[in-house]
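There's a structure below that I have some questions on.
Chain naming follows the written order as A, B, C, D, E and F, and within any one chain the residues start at number 1.
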Amino acid sequence: MISELQKEQTVIGFFAVKEIMEKETRETRKKYLDLTLLDGSGQINGKVWDIADVIQGEIPGVGDIVKVDALVQEYRGSLQLKVNKLRKATDADSYEKQKIIPAAPAPAEQMLETILRFAEEIADQPLRAACLHIIHKYKGQIMTHPAAKTRHHSYKSGWLQHVTTMLLVAEKLTTIYSCNKDLLYAGIIFHDIGKLQELKSDQLCVGIEYSTVGELLGHISLGLAEMETVPNLDSQRKHLLQHMILSHHENPEWGSPVKPMFKEAELLHLLDLMDTRMFDFEKCTKPLEKGALSGKVYELDRKIYNPLI
Amino acid sequence: MISELQKEQTVIGFFAVKEIMEKETRETRKKYLDLTLLDGSGQINGKVWDIADVIQGEIPGVGDIVKVDALVQEYRGSLQLKVNKLRKATDADSYEKQKIIPAAPAPAEQMLETILRFAEEIADQPLRAACLHIIHKYKGQIMTHPAAKTRHHSYKSGWLQHVTTMLLVAEKLTTIYSCNKDLLYAGIIFHDIGKLQELKSDQLCVGIEYSTVGELLGHISLGLAEMETVPNLDSQRKHLLQHMILSHHENPEWGSPVKPMFKEAELLHLLDLMDTRMFDFEKCTKPLEKGALSGKVYELDRKIYNPLI
Amino acid sequence: MISELQKEQTVIGFFAVKEIMEKETRETRKKYLDLTLLDGSGQINGKVWDIADVIQGEIPGVGDIVKVDALVQEYRGSLQLKVNKLRKATDADSYEKQKIIPAAPAPAEQMLETILRFAEEIADQPLRAACLHIIHKYKGQIMTHPAAKTRHHSYKSGWLQHVTTMLLVAEKLTTIYSCNKDLLYAGIIFHDIGKLQELKSDQLCVGIEYSTVGELLGHISLGLAEMETVPNLDSQRKHLLQHMILSHHENPEWGSPVKPMFKEAELLHLLDLMDTRMFDFEKCTKPLEKGALSGKVYELDRKIYNPLI
Amino acid sequence: MISELQKEQTVIGFFAVKEIMEKETRETRKKYLDLTLLDGSGQINGKVWDIADVIQGEIPGVGDIVKVDALVQEYRGSLQLKVNKLRKATDADSYEKQKIIPAAPAPAEQMLETILRFAEEIADQPLRAACLHIIHKYKGQIMTHPAAKTRHHSYKSGWLQHVTTMLLVAEKLTTIYSCNKDLLYAGIIFHDIGKLQELKSDQLCVGIEYSTVGELLGHISLGLAEMETVPNLDSQRKHLLQHMILSHHENPEWGSPVKPMFKEAELLHLLDLMDTRMFDFEKCTKPLEKGALSGKVYELDRKIYNPLI
Amino acid sequence: MISELQKEQTVIGFFAVKEIMEKETRETRKKYLDLTLLDGSGQINGKVWDIADVIQGEIPGVGDIVKVDALVQEYRGSLQLKVNKLRKATDADSYEKQKIIPAAPAPAEQMLETILRFAEEIADQPLRAACLHIIHKYKGQIMTHPAAKTRHHSYKSGWLQHVTTMLLVAEKLTTIYSCNKDLLYAGIIFHDIGKLQELKSDQLCVGIEYSTVGELLGHISLGLAEMETVPNLDSQRKHLLQHMILSHHENPEWGSPVKPMFKEAELLHLLDLMDTRMFDFEKCTKPLEKGALSGKVYELDRKIYNPLI
Amino acid sequence: MISELQKEQTVIGFFAVKEIMEKETRETRKKYLDLTLLDGSGQINGKVWDIADVIQGEIPGVGDIVKVDALVQEYRGSLQLKVNKLRKATDADSYEKQKIIPAAPAPAEQMLETILRFAEEIADQPLRAACLHIIHKYKGQIMTHPAAKTRHHSYKSGWLQHVTTMLLVAEKLTTIYSCNKDLLYAGIIFHDIGKLQELKSDQLCVGIEYSTVGELLGHISLGLAEMETVPNLDSQRKHLLQHMILSHHENPEWGSPVKPMFKEAELLHLLDLMDTRMFDFEKCTKPLEKGALSGKVYELDRKIYNPLI
């Protein structure tokens, strides 16, 4: 993994191409390739000084998986790859695409179908229409959008994974706790809609950044404003959904100026919290052996233990 | 309801007998009955000055439901009933027992069966044995014990209702989030075991009070200590369950010195939170009309709204 | 003043009519008037049992100032006026209308002119247009709307007084601190626009209440949403103003999920704070003698001292 | 700038001499010069190994601006200049003195005149005398003293700039908010008087440090104690000014054990806050391009945005 | 006790005279006495309508203990005594003076001797001189001054009791923890010196109030300022004592802007805390039976338990 | 000291052997020694490549003090000793054992005697038996156990030093503040008993770590559970001691879910706080010259000053 590379080491591995550009050396005017390569653990700059010698077959493009043989060097305090050999990966190669470009485990198409199924099951016509409107409006973007910058579901199709998992849990819970399912499903579908504007992401969903408007307003306010643009929604339903968006982090310090004031808003908050916590525990427990304690885990602000049983 | 009585009003209604005692007036040495009556809204002292005239049929005992015709009077700043007529309620009377002696909606026997079913389903032998041990140890007490003094499930069999509902929710959730079901079920069964010592309650579960040891140690520490007495439990399992008890309120300010450090402990915390919040929302929303806002609700530290849809 | 009335006292004074209704006594079917009267200190219910005898001249209407001679009685724990004489006030009467119906010291028309002058001085065309649009949209409402429920400027035309004072201060400050005056003026005009929806007020601006949507979303979110409806505003300007609205309370605990991120947003926050603090100090110092200390002042969360010099 | 120097780089630039000392090498007993040079961005040690060869003209003294040609070297983990050529700067050289020795933009003499003008305008004789006394007492020191160690106005004459700007703002504000101008002006002049003892600074106001008594007591307590030494001040006025000093940070966590209890004390707090915030925003926005977001800004505990308009 | 009196009750008891004034009834111009009487539990107004009949022997003066026979009446919402008989207490009467006028258990003279003994034992001449100076300066006042308004030692000679107990504890502790005893003793003597100005008290030390300067500055700042007036104290010692005064509450929220920075300052803080806590526990445990729990105790912000052993 | 070693330096000094192992080089199969050496300032790895040449006399064992002559080298980013000469220290060598293996200043045997003396002085039989039981149970472990991982008394026999000092202080204080000495002594002996399980330490008490159960439960909960295992202790005494253990950190954020509810519990808290503060001040003041200020001290969260007097 990129994060484990060390100076002077030789590495052979599979990476994704995040950026690729042909440049010229300042003095000798010789062409070379300037690359940004990444895998699930991070990214690194690479140089192909002698294109003809190094590149085998076609020159790869952004998003291609490549096999690389390179020397790790230090340049101005950062590590860099001096590439000795590079070729596009083929079906014959054995690598885990998931580890190179992290993404939700289920295919985006299938998750989209799930979210659409729930939207269509909403009995209340205006809420159903609002949900279908927003899913169709952002259909393109949600197929790949992450759910966060660095924390839970911060990878390709993370937004879709987060929302569909919450819908599936909601379906279960409403068999035990009585509530307005239509309102709850709609609230889940809309609650993070502002993240589509708050976060900017490249096509590979690796370099996730906050957009300027994301910094100025935050996803909760952006979601609230988004509700104003949903056509044909009466003000009671609009205000209920705006309240659910506004209160889903529950606390002022976590970005919610008001607390949930009806049961579906409270459930939305708890389902959101549960899905992020379960994600973080899953992720942080995986690398731990049975009986081992982690160091302080940033996402959860505590150490994690993996029970022996 | 008792809480709504006003001075000088005449009231006819059904109440439960919490206390009943024959006394004598100081000077005339005449016998009278001193009663404490209660319903779901509170309790009140009552006097039967002329026993023969007032009591119809048998003199009722503690726990009986009685029909009362009385005048509300003020005595030394408190309201008191001067009872004109009183008789034990019969099957012919129409009153809601649930409103007079609040209790969990399902019968305690049925809930006990549920909790036993879950305990028996635990595959891990030591955890199963520990759960069955504790249920059998406190079988008598849990049939009526409340789950809190004034907040959620603070009525007859509330402890059992809280634990069984959490088990049912856990059963659903573990179909979506992978975890060690045995540990989670055992954690749920044990998490509030200390409340059996922390709270003292009369047979009708109305006058719930903290016991002295409850004030000195709190239910979390009492539960922790209880674990020391479970026979044949290896230290790994004992420590896991003690950690789950210790961390289930999650925050130091809420009584948990450590945060949940494994997934089942975190889920336990979230399920506990969800069950109490759903209970409180249900209770506080019920008296609200559609579209109405409540005043500040103490349990939830916010106002509650009942949506129009 | 109404707040100082005591049981069994006879009072002669001037009040405003907040509500007036003709009713009938239950048994004798005699007509009487049921009134709500108010002055700057509070409100009180009154009864005119013998209309012909008590009312001199025309029966007054809502909003009229009346002269009342009455006996203060207690009824079910509240004070009530048994009116002996009542007539509409005339120009010959000497009373301070300001003390009876509290309102901003300057006429609303003059403050409206001020706010319009500032809006027209904005050099940036889109910001100017947005400000003029919103002033004209709410022209009717802002003439009387209060700026708060119970704290600063919580009286007739308080909203307009707060905004215009802040504009006048901004005009001064920008001669010392360089900043974008257009943005600052527009931010001031829009910052409390959500209060027009958050607060409901009767015509006399006394019974100020939060609206349901005010409770669900709060004036900051309502202002944010309002910005979505301003026509022809490019997204940079819209986002700047939304950020100013969002951040003007500065702290999450005071309702602002983000802190001011540019100078004009910071100045807006400081000017808002200064205007409310100066208002509260002025109001709370007025009743204090020189050299006197007040008790704890709720609005300012401290005691106030009136210096001897 | 010094902060941007990198190992092995050759630099030619203008710096101020903070320290200069003739020393001898341990073994060869050869004389060399040990220098501390600084500019607005930081400071660096320098060595002149061959004095005769390197120094052109007179050897410079502390506070002189010099032109230096040197090689940047690393020595025991720190950068150091091996000076090749060094001479005192002349009027013919083009450099910005302000960038080398940062200082308030206006001349100290002019600011002193402003503060004196305000002091003389105070109508109340004892307050006027107290202000004139303190200005004259510290006349020498305030000409150069900074207003802080690392935050706002932490450069030459920063104290004077902070106080005079606040006076100018106060003059404007008191045309809108009524208050006792004499008290406000005196409060402004005295509020940071304790900083003259709290901070120690070399003549160039670069190496600003807290004094021991500054650490033990802080500038607020030192200012309070200073008031005890003002001659001929009655106790009411002394206590008012002490209260203003004590409360001007408003919150216990910011060093004020009491909150402002009269209007002038509150205004002092707000003016102080405003002047520091405006300073910090100005400083942090300057290096940002239009439309750019900064990283987290330490002084303001947030990111800063430079609007496009 | 006065706090337990009830309307229409007849009371015979011993009280202290806090105020006594001869007045005239408005209409009949008849002379009567207007009294304020107090005991350890509170105070009450009393009227002697028929002086000749009621008063036996000499008319008592302020501070006298009197025996009173009176009827408790309600007047304008407060209780009042209609005095039937009143005479000065004699040595023959059996009452506990301590319960009527609460005071420190040891005689003030003896405590003064103790504090003087410690001051004279200080080996460091300037610290010894400073301590003796301040004790002699306030010799009159400290004989009766309380140590607080409503909390620990808020009675006659409470200040002296608090300081001398701390000195005695310090003497013991310094046999175990090494420190500068001179500095510690001096710090204890000076730490609450500002309370002499912060609190105003009548001669009987019952109506304890904050003075205006106490509200404006607080006892910590007043103590700090007091140090400026101690003659012949070098600045190191003055600053050390000022730091001890300033930091003895340890936390900004408790009034200390700086934390203790040397061992003696830390010990002072801990000794102060210990003496107040021990006082409060003693006072709050006394009325509790063995095995009983108190309600929430305001001073300690918790319930108190009296152990069975 | 180890913490001050620098690359390429030659060092001659005394260290303790923490680990020693004979290994073989991978290729040449030559035997060498792999050592971990430590002194009071830290630990370092060392290699003895040529055993015969380097080791003088016997090969040392774990816990031996050795005299080492070595070269400091960097290997994979860490410092390492290439040992030139090494021999066991003899009585003729002059080194301070205390500086090499930090430990409590008094011998453990003597402290054990002290703690036993106090336990035997407890008049209450059940408390005395409980204390003697626990001391005898952990007699082996407490002889060397530290009292903390990195803060106060985090060295050999630190636990014993902390407990015995507190007992000595308690003995003094109870001559001034009345309380149940038996309960206080027992509380002191038990309060940190959970640390024996919470902390794992090697024989030299240098590498102190939290155990897994220490992380999961913390020493307070472990102490609480330990009390369940004390034989023949009635529940009142058990609950009192459990409450004392539980509340001795006083605040939820410091690990105590309840505050001390009786005087002995409060005193325990204050004595614990005092002993740790005195320890930390002593340790942090020692390296400071008279009149010097430290940097921010982590343990005390403040700077420390060493007074000139």
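In this section, a residue touches a chain if its C-beta (ideal position, glycine included) is under 8 Å from a C-beta of that chain, and two chains touch if they have at least 3 such contacts.
Note that the structure is predicted; figures quoted are calculated from it, not measured.
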item	value
Farthest chain relative to subunit A (centres taken as mean CA coordinates)	E
Contact-richer chain pair [A-D vs B-F]	B-F
Approximate Å spacing (C-alpha centroids) for the pair subunit D, subunit E	47
In subunit D, residues with contacts to at least two other chains	212, 215-216, 240, 243, 258, 261, 293, 303, 305
Pairs of chains, among all present, that meet the touch criterion	A-B, A-C, A-D, A-F, B-C, B-E, B-F, C-D, C-E, D-E, D-F, E-F
Subunit A-touching residues of subunit B, taken from the complex the two chains share	124, 127, 165, 168-169, 172-173, 175-178, 180, 182-183, 236-237, 240, 243, 258-264, 266-267, 270, 273-274, 277-278, 281-282, 285, 293, 300-309
Interfacial residue positions of subunit A with respect to subunit C in the complex	212-213, 215-218, 220-221, 224-225, 227-229, 235, 239-240, 242-243, 246, 252-253, 255-258, 261
List of subunit B residues in touch with subunit C within their complex	291, 293, 303, 305
Residue ranges of subunit D in contact with subunit F within the complex	212, 215-216
